[in-house]
Amino acid sequence: MTSYQSILDWINYPDPMINPYYPFGDIYNLPYDICYKLWEIIGGTIAWLINLIFPGNSVSTWLVCDMTTNFFALILFMVVIFLVVFVGVLISLWEERKVLGRAMDRRGTMIGMMGFLQCVADGFKTFMKDNIQTKKGDNMTYIWTVSLIIGTSMLIACMIPLSDRWFVVNYDTGLLIIMALYALAPFFILVSGWSQNNKYSLIGGIRAAEMMVAYEVPMLIIIATASLLAGSFNIGDIVQAQYDTMPYIIPMCIGFVTFFLCATAEAERSPFDLAEAESELVEGWQTEYAGMKWGLIMLADYMRGYVSCAMITILFLGGWDLPFIGDLNNVMPEIVFLLKTWFVFFLMIMLRCAVGRVRTDTILNLGWKVFMPLSIVNLMIVLILKVGGIF
Amino acid sequence: MTMDYLDKYRDGRHKSWKDLWIMKPIVVVTKVFNKTVVHRPVTVLYPYESLWEPDNYRGRPALDFNKCIGCGMCVRMCPCTAIILVDCPDDEGNNVERPQVNMGRCAFCGYCAEYCPEDAMTVTPIVELAEYTRSDLIYGPRRLAYDHTTEGMKVKLEETLISDYKAGNGEKRYLHSKIDRPELESSKCISCKKCFKVCPAKAIVMTEHGKNAKGRPILWPEINNETCVSCNNCVDACPKQALHMKEVL
Amino acid sequence: MAEEEKTMNVSQLDAEALAQGGVPELRKDDVMFDAETAKMDTDQMWITMGPQHPFSHGLWTLKIKVDGEKVTDAIPVVGYLHRGWEKEAENRTYPKIIPMADRLCYASSMMYTHLYCMTCENALGLEVPEKAKYIRVVADEINRLQSHLMWLAAVGTDLGNFTGFLWASREREFWMDMNIRLCGARMTTNYPRIGGVRNDTPELFDRDIIRCCDHFEKNLWDIIGLIDDNTTFTSRMIGNGIISRERCANLGITGPAARGTGIDFDIRRDDPYDNYDKIDFDVPVLNTGDSYARYMVRVEEMFQACKIIRQGMAKIKALGKNAPYRLKAPTCIPEGRSFARIEDCRGEASMYMVSDGTDKPYRLKVRSPIFVNVSSSKDLLEGCRIADVPAIMAMLDMCLGETDR
């Protein structure tokens, strides 16, 4: 390409799947496609500009060759996935504030695009607060545990596929991996409570950790039940199975209620918000976190809420398919998925408005003595249905 | 009569299957949520909208400069000593005394408006009084004016006399400033005319009652019952305590 | 030097004991079994629920002694809001004390001014006109509703239910609007006077207040459905904070807290003042003695207050527009002592006045119900869990203005 005619010599919009380095096998991946084309534009423009100054140089050629395009497209892919998830979580935060407001007979946040920019501003203000470092505490652990909580929450939020063509990895055991990473949080909370060198934080950390561990058991059982019905752990297969038969909320209604309540407990939301409430008397594990760390912990809570709602949508509500036009729905299955997720979050918000806080020992009682038996009952029903040949 | 709530909830247990574990609150919240989504919520979008307040709302006090006679009843009755009388020129240039209110001390109790005999002090619906310095909170007599004073903002103080009430004529009411009148103890009066000078309503006329040993006229104050506002200024000013407020009960 | 460095981290007592070659002495309030465990830090510790706390009840400190999860002792510390009210009252003329009495308990301002005016009228031997009595009754009951709604809002926040807070505050706004219609101000109303009330009920007041009562009763059922009708609430209330009837009477607790333990005494019914004997209403009394009983008594009082308001307004309307509502009281009160008491929202409030013939009182003493009720915190909180402390203290309905005066 020593003599150019126009910039279009550099930008040609090829099909990403013919790129020999295409990382996703033979499944079409929409965000990767978008980022591939984005890099074509950006890289092609830079290559053209450099070529204007130094005609026929090798940097320009390198910028638009197959391997580099793939590489930079993957970097942009990370950014796009992150942004989409981040904006999705912010929208659920905005939804919470508005719905909570209306249920309490007031308006929610009003400033900035019907209140959306207020949430962004609130997150931004946490940057400007003081950053506390405990003198006698274990600083490294203190910083690392909170980063890991947020990191794992962000990781699994990004790993949830929004549709057949919007995914990061397409594991056959996708659901299990998400749940495994989700279940790591109690350990980090425990270690973080310990590292603050504060008797109350330790007790708070222990309490939060034991609550989350108690509520994960029914969740895991119900996930196993749902994949039993569908026949695999692959998320795409579960959604397809629900399209073929019926959304799993109908045979697994007890499981839905149980999973829903366990998910609100996992996201540390009211009525199970130990960490915020018992801080009247026994400060929670979040005591020593100030400023941006606390802001990120709050964001991680909303991300875990988003992940739980997404899992509920996948397992019970049929994922990204609409009931009767599933296969024809290739306009925007991502939007359908997100809308269903936000609807489940709406139910969680209504639960928060209505019910006050539950006491600690009652929480643990519920987790072990009520929800686990219910999830086993759910398993029995599904087994009977499966053996009976309906699914 | 019945105690509906207590009979329904007395033993604390739910009596019917409909009151499931947490169902009732969720149902109630959903009803309110539907109502506020379809209609407006009850919020008033201050400062773009504001609440309507009736006339008698006790915001900051206001002064009608020309009605005020400088009697000082407001100063006397203020429980927070927020009002003092200051000298200021009126519209013709004469030096008069008018009240000055320190809004930082004011408790918005309305006594100044209630006891004002001329209804010059009134209440207003102004409540946005924030300033940057404390000295800005002191409202001088001209600054106290309020343009949209209505009849409802004037607080009328009408009382029934105990004697009337006991005699069965409870419907008779009098304005507070028209009941008590000062009474002179002539033996103590030294004709210094101080009471005549301080009376804000010009209700005192010094009348002559003969001549004393030195040939000077003996002047005693005579109080005009119609114009006196029972402000007690003459009682306080008399150096010999010759005037006492006679309370009519 | 080395010796000191070694024992630097050990307390003085232990250091002495170790120096003498023995084991550290057991401290008296330890729940210990042997010297080994004595060295471990399993003391009962004092937790200070300090002057700033999340439950919105005013400025006071509650120190609780905790053994693991159970509370063994409690010391309330009040006095942050002391303004020298009784001393200030000695320097003010009788009418000027009325706005001060408003601020004694800012949530129940009408009641305290009513109480003060009753004390002065008792000293003067003055009988207030009928219309003024009924207006005072109606104003008191509006105040009771407004104060109980504020309590209900605080219960919502204490138990994590922010929705209840906002709905109760919304209802309270309507009653404060009634206060505005009556006298011009929402909270510190400055409405009763010695000899009656400040002004007559305004135009169409009866129509507005009946509308308010109807609207309120409907919404109160909604708020109760939200707060009361679920097990997360009742499980925290039933069986907690039990106090026996004898203990309650011995401690001097009055008001809804006492009526929740079975003491059947209400000044409005048993020692009536200001025409309460001509109005028909019920007094809720429950025998269980726990927090839930106190809660239920207050909620039922709200419904009864609506009843009283309706009857009172009917009687005011029957008296007509020309009936007297304010008598002219003399400036000086003759020498003597007088006493009056009312059924305040929180209990029995009373005032004792010594007058000396001038236009200022010689001494004015206020008995505040919460001052007595809160001193019973130890009995209420003994044996409960830490998590129950806000729930139980919420049922006492603290208002710090009258406690500290």
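Going in written order, the chains are labelled A, B and C, and every chain counts its residues from 1.
By definition in this document, contacts are C-beta pairs under 8 Å (C-beta built on N, C-alpha and C of every residue); 3 or more make two chains touch, one makes a residue touch a chain.
Note that the structure is a prediction, hence the values are computed from the model and not measured.
Participant: Top contact pair of chains, counted by C-beta pairs?
Facilitator: B-C
Participant: Among the chains here, which has the CA centroid at the largest distance from chain A's centroid?
Facilitator: The chain lying farthest from chain A is B.
Participant: Of the chains shown, whose Cα mean is nearest the mean of all protein Cα atoms?
Facilitator: Looking at where each chain's C-alpha mean falls, the closest to the middle is C.
Participant: What whole-Å value do you get for the distance between chain A and chain C if each is reduced to the mean of its CA atoms?
Facilitator: 48
Participant: Just give me the whole-number Å value for how far the CA centre of chain B lies from that of chain C.
Facilitator: 30
Participant: Take the average of all CA coordinates in chain A, do the same for chain B, and state the distance between these two points in whole angstrom.
Facilitator: Averaging C-alpha atoms per chain gives centres 63 Å apart.
Participant: Which residues of chain C are in contact with two or more other chains?
Facilitator: Correct list: 163, 167, 170, 226-227, 230, 232.
Participant: For chain B, what residues touch not just one other chain but two or more?
Facilitator: 22, 25, 28-29, 32, 42
Participant: Mark out which residues of chain A touch at least two other chains, giving numbers and ranges.
Facilitator: Where chain A meets two or more other chains at a single residue, that happens at 103, 105-106, 353-355.
Participant: Flag every residue of chain C that touches chain A in the complex, lowest number first.
Facilitator: The contact residues of chain C facing chain A are 47, 49, 53-55, 156, 159-164, 166-167, 170, 226-227, 230, 232-233, 235-236, 385-390.
Participant: Which residues of chain B touch chain C in the complex?
Facilitator: Counting only chain B, the residues touching chain C are 1-6, 9-10, 12, 14, 19, 21-22, 24-25, 27-29, 31-32, 42, 53-54, 56-58, 77, 79, 107-111, 114, 123, 155-156, 158-162, 165, 170-171, 173, 176, 179, 245, 247-249.
Participant: Please give the residue numbers of chain B that touch chain A in the complex, ascending.
Facilitator: Per the touch definition, chain B meets chain A at residues 22, 25-26, 28-30, 32-33, 36-37, 41-43, 45.
Participant: Could you pull out which chain A residues touch chain B in their complex?
Facilitator: It is residues 99, 101-103, 105-107, 110, 350-351, 353-355 of chain A that touch chain B.
Participant: Which of the residues in chain C end up touching chain B in this complex?
Facilitator: 92, 95-97, 99-100, 102, 126, 129, 163, 167, 170, 180-181, 183-185, 188, 190, 195-196, 198-199, 202, 222, 224-232, 234, 237-238, 280-282, 284, 286, 292, 296, 299-300, 303-304, 307, 322-328, 330-331
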